[in-house]
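The following pair of complexes shares a single chain, chain A, combined with chain B in the former and chain C in the latter.
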Partner chain A sequence: MAESKNEFLSFDLTRNLKIIEDKMKQTADLKRRKLTFHGKAIILLYLDTIADKESIELHIISPINKQKSESIENTLDTKQFSIMTTYQDISDSLAEGNTILIMEDCNIAYSITTLSDEKRAINESLNEKVTMGSHDGFVENASTNISLLRKRLRTPELKVEYQTYGTETNVEVAICYLESKVDPTVLHSIKSRLEKIKNEDLINSRQIQEALEDYPYSPFPQSLRTERPDRAAFNLLNGNTVIFLEHEPSALITPISFYSFLRSPEDYNSRWFVNFFYYSLRLLAFILSVTLPAFYIAVNAYHSAILPVSTFYTLKLSVLNVPFHPFVEAVMMQIVLELLKEASVRLPSAVAQTIGTVGAIVIGSAIVQTNFISNTMVVVIAITAVSSFVIPIGEMSTTIRLMSFPLIFLAAMFGFIGIAFGLMVYTTHLVKLTSAGIAYVEAPKIFQSFLNKQPKNGKGQDTNAHE
Partner chain B sequence: MKNTFQKITLLLFVFPLLTGCWDQKLIVDQEVMNGVSFDLQDEKVKSTIVVLNIIPKGTGIFDFQNQITSATGYSIEETYRELRTYYTGPLSASKSRIVLFGESFAKKNLNSYLDFFYRIPDPYLGSKVAIVKGAEASDIFSLEEIGTNPIALGLYEIIDASESNSIVPKGTLNTLFTYFNEPGKDFILPVLEQINGNIRVSGAGLISNNAYSGKMLPIKDCPLLLLLMDDYGELTDLESYLNDEKKLNNQFSYRVKKSKRKLDIKKDASGKPMVNIHLDLKVIIHQYPRTEKISSKQIKKLEETISRDLTKRSQSLMKKTQKANSDVLGIGRKIKETDPIAWKALDWRKTYPSIPINTKVDVTIEKTGILK
Partner chain C sequence: MLTNKNLFFLIIQAQIGIGILGLPYILYNHVQQDGWMSLLIAGVLAQGIIIILVALSRSSPKETFYELNHRLLGNFLAKIVNILYVLYFISFSMLLMILVTDVINTWILHQTPRWAIILMLLIATSYIAKEQIVTISRAFLFFSFLFIVLIFLLILVYPQDIHFGRLQPVGSNSFTDIVKASPDAFVSLIGFELILFIMPYIKNPKTSLKVLSFANLFSLTLYIFLFITCVISFSGVQFSLIHEPLLYLFRGMSFQFVERIDIIFLSFWIVPISTTLVIQLFNASLGVQNIFSFQRKKSVYILAIILLCLGLFPISFSMKESLSSIMIYLNIIFVFIFPALLLIIAKLKGIKG
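Let's look at the complex of A and B:
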């Protein structure tokens, strides 16, 4: 059937219905409901699967049956609706979950929003837990997520822009920023990068991340994916941009600096020395998880001269009967660890506990008893893993853990020189990286970052201080 | 990007071909010597090394065993080459805790022999050095263990303890190296002695011109010498007699809390240096044989007694060092620093035994312990 894209509705109801049904490819979940209004036939069309039937009943059918007013517009005044004139608009609108109302002898249709709000309740984010601070997390709905941000930033400066992406997916992307804080050139570059995926079928936020990244081949994430509104709000205040993808329970923050990945929102909620301690701890964890196994291998294979006597003998005792080169040991142990981790993520939580036991007892101790891997190596890899889990953002945590592999290899080849070389490559890369055109790594402003800038008047110098 | 990727892959293939893993010394393979000793035998050097082997016996339980081997040769390097053949892996001196010299070996120029330890990067410069008296140094190792410690580690602990008890100054192979190359300063080394199957530090051996002079100071004089050297340890205890009678329960002892040494060098008419040493000590009495209270008058008296006693003893100590021609105080170095022209004119080895050294010790008793 040859039809122009913007073919208009005719006055013939049956023809209209037939074309719309063809447009919707005769899908089985397209339902029609016939009503009469002041003697005229009315057809309601909706997709059974995504339209909210209760809302249709309450806000469309019952007012029409009551025949409150002469015109259909006035009857429907309680509900948001728009007027449609082309078949294309109607079918798009149906696909979005709206209900289409067509009248006999009328060449316009009404599209009424009846999308069922199958929303998950706002729960605590599972992946970014805190002990102090708010416990709400983003859900699979962009407008709810933006409302969570608006609750924190009650300012007209918070601007939201909607864009729809994908020819088939038609998914909404919301770009939020504080007009007064954001750098217009950075914002412009973000928007123009997003343009590139206009015609791609957008399914998950990784696609947006990819479009935004300056160095897609870099192992480091260049935009931060968070499930916590307080983190997003904090970054908005810093002039960063937050991007939501409808149906994704997370926000993408860009541009972002490397150190933000080592930060938890909890930090800003703690006393300065607690804040400082945990931030330093995470910096240490980062360094440990990248270099510790490599350092151990280098010492074991090349530089045992640097060990104190007692440490040397302790080490020697533990590696004495192990038949493998420390490099092989480390790789084996890393693989075992990744396997255990992956298995416990995939399994339902009840079974995952069993995996924990299997991992810790069966593999952990049995592997040592059979002299496959030395005790010290198990300790080293365990410390590495634990310190990588300390990093609050999961993406970065995995990246860091994997970053230790090349160093392990270099350490097994060249000892400390290899590690120095590897770290040089890493640092050069990190320094070169940019996130939306802004430097990724700067000097770690440890001291500035934990001291709040506002001067604090202690001991009730504040006039409002009571007593 | 493709270009970078190619470069990286190329590097990954080239890396294993470069040198690197060839230098590898796995901990498992390494044979580590814990103690080294040198003796002189028929005008040849006899080197003995102790390698500590650890034998695991199940998780957390282990046993150790010393493997002791000796070799003789005309140089240390020659003996080392022979010693290597006794062991299963590469032999490393990186954990040698102790270096022992037999008395006869110590009388040679130590600097030239120990050169071996300083040139290669591997050896452990924190090893303690000692002289063995009355037996061959290698005999000490055959004791196998001291207390629960393996012999070499035990010897290290013994010397370490004697350092904190102010019997010998803190010293390692590293500090020795600085003294070797300092013409105006000699040093002392602990002297070990085996008595009834036990090993103890029996005194401080005076080194003269990088060789053992053969003269040894007994333990009870050592703390005073260390005070004169201004190089004392954590616990510096001394005793004096209450009066001149040397009889039972007539001694009182005191611990030095603070010491100030003043070393003055003057020249006499003929240009010969004259040395005045003034020692100002603050002490605590920690043992006094009479049960009565110590009155302030008695304290004055005790101060005088100690001062007199220590002045006398220090005077004779300095005589002993002069007799051994061992300038442990570094008087020569001081002259060299302050008056380089005079230093050049002096033949220090000949001058030191004959210069007048006057000592004066002043003691203040600060406390008498918990008891008055």
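Let's look at the complex of A and C:
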């Protein structure tokens, strides 16, 4: 049998068909259709699960039956087709959804594009909603996604590079960037990182993310996954690179700065002080969701002295009948909250509303009445959760919520000092991180203006912080 | 590479630390309200030393101090000197850890054992110290936010019960007394010796003297401001009783929502104190790397384990007192006298500055 990769087609039609069918492992959805063209037998081969039958009928079968022209090439010229000579090419092409046309006494085959285009319509992204701004979102088709970008950036500078990854999946990855804005060294490092996973079978974009990350063990996402074309276009203009994986309704943006995760495209659509207010609000939300439970525990367990007398009594009254240490309380409440959140994501939306009610009324108030968890703790955890949901990017929001756990532990051990040490380590970790070789967290620019009057170097990096 | 901004924050974070808590008490008990003059003298001394250190490290900007020793003193002597320096940094860190744990035990965590605090301190500081110097300096920049908080809190003291008259009479102590008190003040300004070890990482070594002088000026101004604020707030009798005047200053303040600012302040002031320790660990780890040719990351861990073991020993009050008085002289030897000698040797050997 034909095992060699480069074996060519022979003139024997039956032998050709047999080898191709063996190559396709006798799969049941490989359909064969026999036609005649000027007295010669023609065989059409296609996988009826992914080939578009209507298009085959319209663009291949009917012109052949009409026998418009003498040669098969001229008959088919309305459709895009290519010429194949080896069995390997033919089977690959079949797997991609193309239709193969083989003629009697002929050692070439024609591959005609007939992939059925079952696209999802462009809808609003569910995970990154805005009230102002465009409402289109990425879909599971890379070329549609790129067209959404091209509509926003009508310039020849926008360059797209396709590469195929994996030995089994053969999935396409598109790298898009603005040639005039991108930093060539950064681009080179991104490409060389992607080169390493050339043979990996890509199923989801996390695999690309992992290859791009400098610190895969860090809890913080180092490339931004967005479903919004306006965000992607904005980042392209800043000199960042956007990567699409076919069948994945999101774009990966890299390099990215930490501050970008606190930004929503809506901000740029608002007046400057609204923009400023919401940005500050999200910064506050970030700080609150990381430190608030830890702070509360430290105050409750160690430093009640810092409270004025009236507040002190309120606090002590609320924890009076609770049998647990504040640390246990906080962890219990955080876990209950995560359970509720996870349950409402998994359930169909109609049932998810019930979970909301159960969470709010049954767990929220009943848990306080039974004195398992104090009122103040419920308030603290609720504020923490709400603050973390304010973060526009889901990945970052979860990370931040989970980052509060180590601080809770440290606060229960050492009080404020534990929090101070925890924050010190967090800051150092964040400062250490790089995204495609570019610093993840830059210092606020205030210091730079009066201490370091150097010309800004490198494209793209400076704009990140404001974005 | 370190920019001027990075260098500035590295130096001020290395200088300012635990000294800020007790310095006014020590100075006041020596020379009363004239302490600021001792501070000025210490500042001028520090400035002189900075000039020497920069001149020395500029004589070969591509080498750290430890490598420079090898070239100037020969391998054998250099090895001894380098080991002495590592020991100096270890004992400095040790004193620092003892002082920190004492303050924490007195003010915040009365029951927590010393080793637990030291363990946490060492985990946090070695996590930072194992990073590259650029990362360390960028992290320090974020920590410097606390200096703004300190200055803000000090300004809040002014509307309270203060008497500027307590600064008078100016110069009631003899000049020799004032000079004698300056080594105590000088200890708080230590930290700029870092320049010897980071010269190869600096982007533009030409401006390093200017940056270091600015950093020194910043620290000195902060200390003088602090000292004056303490003097005008406390009477002489109070001063002789309180070892940490700064914390008492904040203890007196209260707001609508918060009381006992001192506890919150001290808890977070741990960060600038730790940065001093980070710098010591960094300096020492470079030495260990040079002597035993370990990886620097590994040397940081080794040093942290040594310090942890030392911290496990019970430390009596007299030991602490003698260690801190010895350190005053060791500081002057290792930061001033020895580099000065080395600079002379370098000049004699005819290396271009």
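In this section, the second predicted complex is superposed on the first by the 441 of 467 C-alpha atoms of A that agree within 3 Å, B and C clash if a C-alpha of one lies under 4 Å from a C-alpha of the other, contacts with A are read in each partner's own complex, and residues count from 1 in each chain.
The rule we apply is simple: contacts are C-beta pairs under 8 Å (C-beta built on N, C-alpha and C of every residue); 3 or more make two chains touch, one makes a residue touch a chain.
Remember, predicted model here, so these are calculated numbers, not experimental data.
Student: Go through the superposed model and pick first if A:Ala305 touches only chain B, second if only chain C, both, or neither.
Tutor: both
Student: Between chain B and chain C, whom does A:Thr254 touch in the aligned arrangement: first, second, both, or neither?
Tutor: neither
Student: Does chain B (first) or chain C (second) touch A:Thr226, or do both, or does neither?
Tutor: neither
Student: Quick one: classify A:Leu320 as touching chain B (first), chain C (second), both or neither.
Tutor: In the superposition, A:Leu320 contacts chain B only.
Student: So, A:Gly418: does it touch chain B (first), chain C (second), both, or neither?
Tutor: In the superposition, A:Gly418 touches chain B and chain C alike.
Student: If we overlay the two complexes on their shared chain A, which of chain B and chain C does A:Val431 touch? Say first, second, both or neither.
Tutor: second
Student: Is A:Ala443 in contact with chain B, with chain C, with both, or with neither (first, second, both, neither)?
Tutor: Second partner only.
Student: Under the stated touch criterion, which partner chain does A:Gln209 make contact with: chain B (first), chain C (second), both, or neither?
Tutor: neither
Student: So chain A touches chain B in one structure and chain C in the other; where do those two contact lists coincide?
Tutor: On chain A, the residues that contact chain B in one structure and chain C in the other are 302, 305, 413-415, 417-418.
Student: For the complex, which residues does chain C have touching chain A?
Tutor: Against chain A, the touching part of chain C is residues 3-5, 8, 104, 108-109, 112, 116-117, 120-121, 123-124, 127-128, 131, 135-136, 138-139, 141-143, 254, 256-261, 263-264, 267-268, 270-271, 274.
Student: Which part of chain A faces chain C closely enough to touch in the complex?
Tutor: It is residues 302-303, 305-308, 311, 413-421, 423-425, 427-428, 431-432, 439, 443, 447-448, 451-452, 454 of chain A that touch chain C.
Student: Could you please specify the touching residues of chain A with respect to chain B in the complex?
Tutor: These residues of chain A touch chain B: 217, 300-302, 304-305, 309, 312-313, 315-317, 319-322, 325-326, 368-369, 410, 412-415, 417-418.
Student: Provide the residue numbers of chain B that touch chain A in the complex, in ascending order.
Tutor: Interface residues on chain B, with respect to chain A: 1, 15-16, 18, 20-21, 23-28, 30, 32, 34, 52, 54, 56, 59, 62, 92, 94-95, 97, 121-122, 124, 153.
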